[in-house]
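Below you'll find a set of structures to go through.
Next, two complexes with subunit A in common: one pairs it with subunit B, the other with subunit C.
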Partner chain A sequence: MKVKCIIPAILAFAMCLSLISCGSGAKETTSSGGETVTVGLLHSLTGSMAISEEAVRDAEVLAINEINAAGGVNGAQIVYVEEDGASEPSTFATKAEKLIDENKVKTVFGCWTSSSRKAVKSIFEEYGNLLWYPVQYEGMESSSNIVYTGAAPNQQIVPAIEYLVNQGYTKFFLMGSDYVFPRTANEIINAQLADAGAEVVGEEYADMNQTDFSSIIAKIEASGCDVIVNTLNGTGNVSFFKQIAEKNYTAEDYMTMSFSIAEEEVTTIGADILKGHMVSWNYYETTDTAANEAFVTAYKEAYGENRVTSDPVEAAYDAVYLWKAACEVAGSFEPEDVIAAMESTEISYEAPEGTITIDGESHHCYKKVRIGVVNDGGLIDEIYATPDAVKPDPYLTSYGWAAEVQPLS
Partner chain B sequence: MKPLISNKKNLCFVLILLALGLSPLLLQMGVIQSSSFVLFLGKCICFSIAAIGLDLIWGYTGILSLGHGLYFCLGAYCMGMYLKLQATGGVITDFMKTGGLTELPLIWKPFNSFFLTVILMLAVPAVLSGILGYLIFKNRVKGVYFSIISQALTWTGYSLFIALSPYTNGNVGITEIQSLFGSIRGSANFGHFCGVFYLALVVLAGVYALSVWLTNCKFGKLLIAIRDGENRTYFSGYCVSSFKTAIYSFSAVLAALAGALYINFNGSITPSQMTISYSITMVIWVAVGGRGTILGAVVGAILINLCEYNLSSGAMVDLWQYLIGGIFCVMILFFKGGIIGLVTEQLPATFRKLKNTDRKPVRVKAKKEGVNHA
Partner chain C sequence: MSEWITLIFNGLSLSSIILLTSLGLAITFGLMRVINMAHGEFLMIGAYMTYVIQELFKTYLPHSVLGLYYPCALVVSFGITFLLGCALEKAVISRLYGREIDSLLATWGISLIFQQAARSIFGTQGVNVTAPDYLSGGLTVGACTFSYNRLFIILLVLVCLVLVWLMMYRSNFGKQMNAVMQNRPMAQCMGINSRKIDCMTFGLGSALAGVAGCSLALLGSIDSTIGQNYIVQCFITVVLGGVGNLIGSVVGSGIVGGSTIFVQHYTSSMIANAVVLLIIILFLQKKPQGLFALKSRQLDE
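This part shows the complex of A and B:
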């Protein structure tokens, strides 16, 4: 009797142990012989962010495959380990730790949302590893263990507002989703417009999952604005633009300037609705460079003709090449050597958007700013571009009006 | 028979506790290679504490709460606010400044003191759940209606925390903090890590012992009575709503305790732990482990999280959620008692059957049994 009672206990214990040991054995990635270097890809492949992040992951895989086909980095083939952040910041933190500590990756390409980046930031700092973050964001941050290959506010938001003011727009309506990027962006825009002498006639925030924009549209109509600065993210854009189109408003009635609408979102919302509206990015699929032609062809060849490239996709692709360039300068894969190389030498890469260079001081990139207009075919035509790549200034220290939006430290 | 069964489960728990307790030592000896895995075990300890709380109300009392993420987050935010103030030295943070605040808001001030933090961390969820529980149970709201209210509650909490971003940092939450003992990452901080890890382990052991004691004394018997026949319990002269409120409050405090420990391991807390889907995940831990047994909650929370940890990478990266969902469906359909039910009842029953068929000399009967098994 006694013996029989203990059997279940032992069984349960054995189950626990087998899973524990299964976890402790770090998965060795098989290589085809020769030297390899392991990197991590950390994006949401499930959950609400998967739709955006999968395209970015695809771009990173494309770059890795291209580099491997061309002989690898410092003679080593790149092996990548994928982790799913499941659209949840805490999962990102757990997985970042797993990649760094268990898989011993030399660097990680990953994240999209600001909340996921903030959740992993201190982990990368504490382990001394390196994260490549490919999305434009709200700025006011820099870390020696993160490289931001997307735009800082002064490479997307500030020039776009400057452009609008120069075009003669005077009454601005600010609208965004209720989270950190739109809040910070609008704080910056308010300060900039006050300095430029333009007027903010309304500022509204929509819930992340909001689908009914009738009250916001009513406020827009009442405000008498001549341009809407749109920082909505995700599904909110679809609802907003559909509802404004249902009222038969076009870009001539209410011009919008969007910071989160790229080629992919245009496909979802519909080119007929978005036609004529303005956006601001550093790269469009139509950007006219030889490198971009090759990139767009390779991307469509790998993932299908109906796929489009966009700014974050391109920035993610660049990140892998920038890391390669930094490793070659450093002559090593160790994160501290790569970081040291970035800070002492100018690492640059002939990207699809033009030459981009890492600013060793802020860990952001020099990038050209391009204002575009959505065309009939669902792509975006460039209507204005800065003559040179703009120096990144995440804290906006070079702008006099920005003093009050800068963080404490 | 009864005490024997509970003893056996306790033995099993002690073995799990030992396995967990040894893991940092095994790490130090190099048997376990990655410290991130042991750190994840620490998070699993916190999840088991929350699962025990949920099991007490669902498994024992029959109240299905789909909103325990709210209490988990309340505890985590209380601890997070203290840790954040430790990190910034008590001055206002960047997100408060972005939100237009010029000095530390009143609600943050108590969190300068560790003593007050611990009190608030336990009192806030206890009082909130106490008031809500009192109103809900006094009005005899039960079953699926209670589940819906609990979901609405956690959703309200989520929306509030997002909307009050100058105070809570919206959906980014509280980040860039270190544990109670300082940084726990890297081999240099192994001592700090052990501090947090064993603290969590001691809390888990305490919570387990308290819960087992609670379920074995008269109070626990009453909870089961409420689950199995609420009206009969009323007619026996017991004030069912007070018992329900008490156990609901207790389980909310356990969830908060779990959250407060969790943030030490995770280094950040966001409102995403307050979403309905996360709260339902907690229920899944209990369901898979085996509800109605404290051990089941612990085993379920640890196993499900280990599965997620190991499956959601590499080759499985696109498939893992289907796998976890599949495991859940199979458990619910075929093993109602969860893993514990499977191990303590269904497997022994099968063994007994097999043994009996071996002994039985009657050929026809044995053949029939064999067919059944095939």
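This part shows the complex of A and C:
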């Protein structure tokens, strides 16, 4: 009986110790540099989304370290508290509340999936705190307590489809994973193509874990399409592209336009299979700006030569700098002051992708759109870019054809 | 016409993948009655072994023999998963015979350990295997293209089936195995070392999963969750076919694979998943013992 009591006691003691050491870890950095400001990082470090979110988190840490080395924000060094969302929207919600309520963070950089963002949205609104969301998404949302540094649909999907139509593609096959982003994206694409007079010859959704794409490929063959619009996410892309390659098809037989394949995914799937296929983003590792050269060098120096930068990674890096710029304009770290500053003045930053500016009205960013083609080396070459940064329009209100895809209010 | 040929080939191909992944489970669950939740992780280990062998070939051997990595990986996967299966049986499963719910929990825990180990060793990012030259691309006949690796998987499953059949019904080991599974005390009285047979049988089931994992590596990316994607389907196949019967698993996988492809062709893959499960539920209502029920005089059947 005694032994049985001792084990839990030891466990409890060990847990206390680890908790204390966690707490002191954060404090140590506090005591080192005079005035400090605490921010939160909230990404999945475990679970299925960790693959993507770790790179984003690394970019945020890189930006924080750079800013601290250059003297901090408003004279204060940034201290970050990190929490793991574990790829589970409900965990994101509890951790977000913990960061705001317990750690008293002034802002949070976090989330990747739309479901995790939607899970924390009301918490940030309730506490009046501020979330920086770094990933392109399906749009139809805006919150005064979130800044979206990735693309809205009119900064990724709409221009890509426009480009395809201009290139003379007329028969589109829409294929995606079965969740909110592909479904909404395809609703938008359907409306846009109907307006442009092009034809949608098929629309298919695959389970997130699906590994057999033979049926979908058979349907693609039967449809006679000339381009596939691909919104698959995660491992589905590997299976799909492997299985289309094993039927001897290349980009010349079936061109694809993908919205979830960036440099990182190209490395996993293999450049030999993906070369010649199109993607649409705001940024590529090859983007030719001085700021990007410095960013790519710094990222590789910090995390290894074989790491690649990608659109979400860059958008996450920008988010930290945009927050810094907003704090400097506001002269304060308080979320309400920062939000007020964003809404009254144009906050912009010389990002690796070019100048990006926060649109005070929608809390999204003005961004350039770039269509790219995967090259032999696994990087993406830009083949078309919009001349100017495109104004974000998350609800697509400036497009006549988008009237019927508005969300229910 | 070519549409029908493609449809039939796809059905055959999916059935063969399902059969290959569930053949091992047909032995560990079907014959030994161990609810082996770690079966999927043996698939994962097989798939990762393929990746490891590929990388070793790339690093240490000249480029000209790179293509040989795949047959080599098949053998190594078989060996490694066999040894792991034997070790698992000795360490854990052997203490849980007759306690099916406990074995479910224990093997589920083991599957979590394997998954976490894979994440620690290989990282969370999926890894990828490049098919050797002779398995990449496809054979085009008229308007149909049959991919070489799917043809290979069909061949592989046939070879595995023949070998398993020979071993189970034509070898001394097979006779001893059947004797132990059907009537353990009587087999023991006949001088059969039932502990050794248990261990070997479980190892064999695991090794078949390892080989299946090798073939899965050709179809998609490999990550720590790959086993989880297949485990439910494997159980469904074995239960549908009738526990304790290899022919049942063959027919079961044919039904699951064929109907999935057929329903997918006329609807969508999401609906197909639901429809196939519905068919199986209705079927098991009528025949709870599965397609090929084992006729036995034992009272507990």
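In this text, the second predicted complex is superposed on the first by the 378 of 409 C-alpha atoms of A that agree within 3 Å, B and C clash if a C-alpha of one lies under 4 Å from a C-alpha of the other, contacts with A are read in each partner's own complex, and residues count from 1 in each chain.
As a convention for this text, a contact is a pair of C-beta atoms (placed from the backbone, for glycine too) under 8 Å apart; a residue touches a chain by one contact, two chains touch by 3 or more.
Model, not experiment: these values are computed from the prediction.
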First (subunit B), second (subunit C), both or neither touched by A:E336: neither
Of subunit B and subunit C, the chain that contacts the larger number of subunit A residues: B
First (subunit B), second (subunit C), both or neither touched by A:E246: second
Contacts of A:I269 with subunit B and subunit C, given as first, second, both or neither: second
Which superposed partner A:E83 touches (first subunit B, second subunit C, both, neither): first
First, second, both or neither for A:D178, with subunit B first and subunit C second: both
Partner chain(s) touched by A:E199 [first = subunit B, second = subunit C, both, neither]: neither
Contacts of A:K121 with subunit B and subunit C, given as first, second, both or neither: first
Contacts of A:Q210 with subunit B and subunit C, given as first, second, both or neither: second
Subunit B versus subunit C as contact partner of A:A218, first or second or both or neither: second
Common ground on subunit A, meaning residues reached by subunit C in one complex and by subunit B in the other: 46, 178, 207
In the complex with subunit A, residue positions of subunit B that touch it: 4-5, 8-9, 11-12, 15-16, 19, 23, 31-37, 39-41, 43, 91-95, 97-99, 159, 162-163, 165, 169-173, 175-178, 183, 185-186, 266-270, 272-273, 278, 299, 302-303, 306-307, 309-310, 312-314, 317-318, 320-321, 339-340, 343-344, 347-348, 351
Residues of subunit A touching subunit B in the complex: 4-9, 11-13, 15-17, 19-20, 22-27, 45-46, 81-84, 86, 88-90, 93-95, 97-98, 100-102, 114-115, 118-119, 121-123, 126-127, 140, 178-180, 183-184, 187, 207-208, 405, 407-409
Complex contact set, residues of subunit A against subunit C: 46, 48, 50-51, 54, 178, 204-207, 209-212, 214-216, 218-219, 221-222, 235, 238-239, 242-243, 245-248, 268-270, 272
Partner subunit A, residues of subunit C touching it in the complex: 3, 6-7, 10, 13-14, 17, 124-128, 130-131, 136-138, 140, 145, 147-150, 216, 218-221, 223, 225, 228-229, 261, 264-265, 268-270, 272-273
